[in-house]
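What follows is a set of structures to go through.
Below are two complexes that have chain A in common, paired first with chain B and then with chain C.
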Partner chain A sequence: MLHWLGKGLTTGIKSSAYPASPDKNPGVTPGRPVATRMGPDMSQFVADRCPGHCFTPRANGVDVDYRTCILCNRCRRDTPAVVHWEEGYEWGVQMSAQSVHERLNSAFGRSLHIRFVDAGACGACMSEARLLNNPYYNMHRLGFFTTATPRQADILLVAGPLSDAMREPLRQTYDAMPEPKRVVAMGVCAISGGIFGKSFASAGGIAECIPVDVVVSGCPPPPLAILHGLLLVVNRVPPSSLASALDAESGP
Partner chain B sequence: MELDYGRETWIVECPPGRLRDIAQWLRNDLGYSFGSLVVEQVAAGWEVTYLFPESTGKGWIYLVVRLKEGDDTLPSISDLVYAADWPEREAEDLFGLHFSGHPKLGEFVLHEHWPEGVNPMRREFAASQEAPRGRSPLPLYPSPILEAPGAMALPIGPVFSDFAESAQYILETTGEEMIRVVPRFFYKYRAVEKIAEGKRAEDVLLLAERFSGSSAFAHGLAFCQAIEAISKARVPRRAAQLRCLFAELERLRHHSSHIAAICGSTGLDVAQAQAAIIEEELLRLSCVVAGHRYLFGVMCPGGVSLDLNRHALEEISNRVANLGERLLALHDGLRYSSSFLDRIEEVGVVSTENARAFSLVGPLARASGLSEDFRVLFPYAGYERLKVQVATEEEGDGYARLRVLFREATESIRLIRELAASLVDGEVRAPVEPKPGVGLGTVEAPIGAALHWVRLNEEGRVVRYRVESPSFRNWLGFRIALEGFGFQDFPIILATFGLSNAECDR
Partner chain C sequence: MNAGNFFNLFLSLGVLGLAACIVRKDRLRTIVITVLALLQSLALVACGILIQIHQTPIHVELWRLGPVNLSLYLTPLGSLFAVITAVVFASCYSFAAASHETKAGTERRANRTFLALFQLFYIAIILVIAAGDVLTFAFWWEVVSGLIYGLVLFEQANVRSVRAAYSALAMSEVGSLAGIVGLLILAACSGHTAFAAIAATKTGPGETARWLIFLLTFYGFGVKAGLVPVNQWLPDTHTVAPRSLSPVLSGATLNLGIYAIFLVNMKLAPVTEVGPGIVALIIGGLGAIIGIVYAATQTDLKRALAHSSIENMGIVTAGIGAGFIFWQTGHTVLAGMAFVAALYHMTNHSFYKALLFLGAGGIEASTGTHDLNKLGGLSRRMPAMAFLFLVGTLSISAVPPFNGFVSEWLTLQSVLRSVELSSRSVRLCFVLTGALLALAAGLALTCFLMIYASGFLGMAHSDAAQEARGAPRSAVWGMGALAILCLLLGIGPTYVIPSLDRVVSPITHTQTAEALVPNFFHVTRESPGHLNPGFVSDFHDLGAQVGHRFLPGRGLVVLHQGGKSNPVVFAMSTAYTLVVLILLVIFAYVIFHGLTRAREAKRSNAWAGGLPRLLPQMTYNFTGLSAPVRVIFETVFKPLRERTIETVGGHFRTSIRVEERQEHILDRVLTRPILAGLLWVANHFRKMHRGQVNVYAAYVLLSLLVVLLIGVGGF
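Our next item is the complex of A and B:
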């Protein structure tokens, strides 16, 4: 056992500095397309080619719908330098007015217990969620823990498009949690059904079954994006929105 | 006979009455393994194709059984070919075919709340409709089948305390020992095969990559191989080499993650952290060179969608060499940790006979003494030039599985470095003209052999997409590894199997 003690000590601290300072290490995020200014012909062309129909063509450019973007990379590869990509990972967004005003009591905001439900997620979302416990991301340093029972959970973290057989277990888990409770939907599948869409086997997002407070887009969202979503629940990072960046900016 | 990726395929029409004899002859006398069972609804009724690969790589036999419309019964072969058990149950649930002689049909993919007689894979069932509601869901606490004093059934799942995939295991016991284990899967059934129908190949590729994200590249590769087999497209040599390189990078990452899970299941946190650090570094490396941490979007029909420059190749080569040394150091540390070995040695044993009888695949089968590996048996993407060394162990216990993982990871590092140094110049993508027809793509995914069967129509749209995944096959053998061991061994055996429910349930 001395071997492992020594190994642990000599490995040193690997944890990311986020959210105290941004994590700029290469490879922590795949990036994502952002609303880009372009001519109307080009914006229609870009929108037509997107397999997930994530771009909305506007007079002055294209808007991106992060609820459906599955990061297929095709806009980046097939029409290079037309659609801009950002390297960020702060992809969490509040969905309900309630979660903005009525937050979890700040006294408990630094020790929160998470219950995770896999509602049909592919291995990638599973793996990124698991990596929250990895030395690099280490959610314990921010006061987040997983719990063995929904009775002690403050946050329900859900991935997957909500397969038919998981409706009942998800609802029961949600019902078993005490108030106040918050739901975080991670990955586009949990938000909109993603690539699986809406069918007899997939509900097309967990909002069909339980109320969602925060969504984290991405396919899969990298661990830092999930952390951003969790921090958003307890107001430890500034709020963000899905509003169009094209409207916010003025000028050409 | 047709040539299909350098392997011979014989397509044999088989009357339903002779199916059992021929299946038994292929399996017992000629040494064929079981590939998959593909049901297709055709104008005249049903076309059921049984795929049998030869277990030394000589070729494939497709047994085609045709049933007239209205005739939904064919003989079960699951008592002769154990691996056909679950595919038959799946076909019964999804297509409403009846396999006479099968001991347990129904309530497999579609759980109790789904009404009998509604079969979603039939053409007349529209994917977009609401799920029908029949009976009430299963009680949370099932009663045991085991009849003994103090017998009880302990259900575990489908929601777990940590980050685990949805599945339920009903452990029946009279005390300490797991006497009977009933796994209930398909909580994650997303009807991938159904929603693929009617889509264009490049859109189904997105689905092929995303139904099992932890081995996305391998499944994308198998799907693209099927498309290329239909179109008779030739993949440029550089593209084939890059495919091998990415596939090995994914295998290395998958195995690091699997090793971390095994260490974690025994409570050896430092070792788990060491393996998880390696996993994260591989994810970051993948993201830097390919634009996605799980290699989504790298695969495309006819080649790969991006090229790697000399700088990126050197980076990959150096980084994996460094990770290889750290993996070896980790293995050395584990080898001398007796408290760790006590938990995984002689636990969850799958004998060679059982592995062969259930046609298990992948590192799991190789830890039980089988040496089947599609990279060697039916080489694709130029693997025949690479002389892959197949790692096998004899014991079939948890420790044998861990050793196979370490040896395969080391071999992957060797292959990545060899490929990075010997990449030829040229194109990385060839045009692929969609044609009507049927194709089979076979890939050794990180968990084992994956088969993707695709039929395209005249418009180049998918009519039938069938995925036989390694997890689907290997979960069948999970029960035999558990029975007879104690409750405390359950999480460890689960971790040493390292299977994916997303891949199994589809």
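Our next item is the complex of A and C:
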């Protein structure tokens, strides 16, 4: 058993350094499209081709709305007009000024317990969230812990478009949490319904049921993006934005 | 009136009670026999107290049968047992009478017969205690055994109850036989049958005879007390016994075994060496641990209580064993302490176990079951019963300020005093027993918290528990009386120890009460009496004299003084503890309210894992609660598990069935090998039996030859 200690010491720290310094390792993010300059016909073509309808065509290019982008790569693959992609992962956004709770930040900022709820997700978001517990992303180093019961949870991390069957359980879970509490919606399904959209069986986003404080776009968001969303709850990182827009005055 | 008159009053009221069983009207009969039994018990308690005060036994010559004198002889020791029995019967009688009122589907005559037998049972137990010679003792002992058999079988005659009652009868008969043979050897050695005459005989039996008598009577009469390894009948019997019988079966008859051990080893043939003490000590320790380990995993409430009786009797036996050893090594004060602790614990066990069994009976009466996995949430249906059951639970778990704490603490302390002994091997026995007793005490708390939690808290696990009627009032009255006694015995050890010492001191010839209860109430700093002045002033500063103006008695502190190096070996005062406890609760309440007044409490539904509502199946039942105990002690239980998996086409599992069977460790380690050995021997003898006439004729011839040879040879 003692060789664990030696092995640990010789291996050293392999965990990601984020948020102290940016993580440049390959594969930590799939990237996401950004607003790109292009001709008017091309921008219309790109916007029509997008299954999530997340591009707004303009005279000088396209704007991106991350609330529906499912990172399908269709805007840069097999197309005459390639949309640029960025390599970042800081995709969390606060929904309102009250999203940061002062006491949650000061008293419990380094000990936050998270309850996961799968509100009808495909499994991809949960698969990414699970990676937060592995030695590389290791959310415990930042003071985040998972808990099995909402009675002990500070943060509710929800994935999925909120299927009809999960509406009541989600409501109950939220009610069962003690104050102060914050909700993080991860993945575009939880934000807007994603590819499931809004239908008789799907509410199209968890904001229909409970108040959302922080959203993390992506389909699925990579672990570092989820971590960014969690850090946003306690205001330890600057927020991102839900859209990428071109400057109005610049030409094509 | 003197004690004898009260005893006669008891007997005549008993006969009257027997006659009252013929009253046809149920309600009237219940009232009449309950009142008669209360008066009867009152007379017996008065008789016992008078005997205690005057220290003069009742002696009644019955009649002469040739050379044998039949007599009654109620000694101070016996009167203690009689008083305990009287209290237990007084509190259980109304429940027994009310349980046997004629309801739809029950037979009127059967109920009346049961009540008559019940009264007879009471009288028989008292007469065992009051028996003055070997024959009277043996006769009433047999009557008690027979009545247990009959009363257990009274209500239900299915395979389980017949088997249980029969095994109880068989074990008890074998035990009685052994015990009575032991007593007869003793009688033969001294030439008398009367107990007083045997005790007065100066020349006791020889060394071998002494051991024989000890072992025969210890195990023989120990069957009644549920000593290891002759206790398997106890849980089986309690599971099937009528609910009105269990309280007295546990509260009164178990004591008979202890009484017999006291009688034989302290009066008739006082032990002369440490050997018997070591046997009793180790058997007691083993009984305590085995009893409580099994109690903690029984889903049947009455079965669990019965296993816990084995535990408590183990503690009593260990105390007696420790007393024997101290007595034989000349530490009379310590011996007195151990005997007082044992008697104290026996008294406490009678009271709280009768209380708990009354509770189990009340639960059974209102829900129809005593399976803990089918109960739950009863504190809302029967709050008074739940509160009283909680008192019993805390008492048996040795939580101050209730009585179990005092006696278990005294027992453990007296076991710890083994440092005074010189022999290293004896000290080792003490240490091991002390460890077993301590472990048993911890497990008892676990066990009874689980029992209370799964029976009274949480959600109802069955429709019967959901729709339970209120607890029967007859049970609640008895439980209330016993609960008050549990509290009084818990906070007043300084009053109980001197009266128990009156029983013990004639035997040990020392005043244990003087040593254990310092006279703090009648000394002052200026005139400390025979106490050390520094001692008095120290304890005055600690508050040991609080209450000396309005309280009688010697004080409220139990204290054992040691030598120069350790002036106070141990000290405690449950009465002061109670006051401090109450103050602490008030203090905590005030603080809590002061701190939380500003905040509002958030109320929401119980968390049900997101399901529409919480179902009983989702909450803990007794099996779930006791799982840790079962896992930790798996080597003791050694459950046999069988897994059967049903599949379709060898691939798709349709059902997995796990069956688990348990065999009691004593059955596994002791009974089964003995049985297997006997069967093996019998199997070999079977080969002799060929079923041919000429072979048998040859056997006859052979045995005749052997007899003739022996006769001729003059062997």
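Here is the rule we use: the second predicted complex is superposed on the first by the 224 of 252 C-alpha atoms of A that agree within 3 Å, B and C clash if a C-alpha of one lies under 4 Å from a C-alpha of the other, contacts with A are read in each partner's own complex, and residues count from 1 in each chain.
Note that in this section a residue touches a chain if its C-beta (ideal position, glycine included) is under 8 Å from a C-beta of that chain, and two chains touch if they have at least 3 such contacts.
Just so it is clear, the structure is predicted and the values come from calculations on it, not from any experiment.
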item	value
Touching partner for A:R76 - first (chain B), second (chain C), both, neither	first
Which of chain B and chain C A:Y174 touches, first, second, both or neither	neither
Touching partner for A:I195 - first (chain B), second (chain C), both, neither	first
First, second, both or neither for A:Y66, with chain B first and chain C second	neither
First (chain B), second (chain C), both or neither touched by A:R151	second
On chain A, positions contacted by chain B and by chain C	149-150, 168-169, 173
Contact footprint of chain B on chain A as seen in their complex	1, 3-5, 7-8, 11, 14, 25-31, 51, 70-74, 76-77, 115-136, 146-150, 160-161, 163-166, 168-169, 173, 194-202, 219-220, 222
Chain C residues touching chain A - in the complex, by the definition given at the top	602, 604-605, 607-608, 610-612
Residue ranges of chain B in contact with chain A within the complex	111, 113-114, 120, 125, 127-132, 137, 158-166, 186-192, 194-195, 202-203, 206-207, 210-216, 257, 268, 270-271, 273-274, 276-277, 279-280, 283-288, 291-294, 296-297, 305-306, 333, 336-337, 339, 500-503, 505
Touch list for chain A against partner chain C, complex	149-151, 168-170, 172-173, 175-176, 178-179
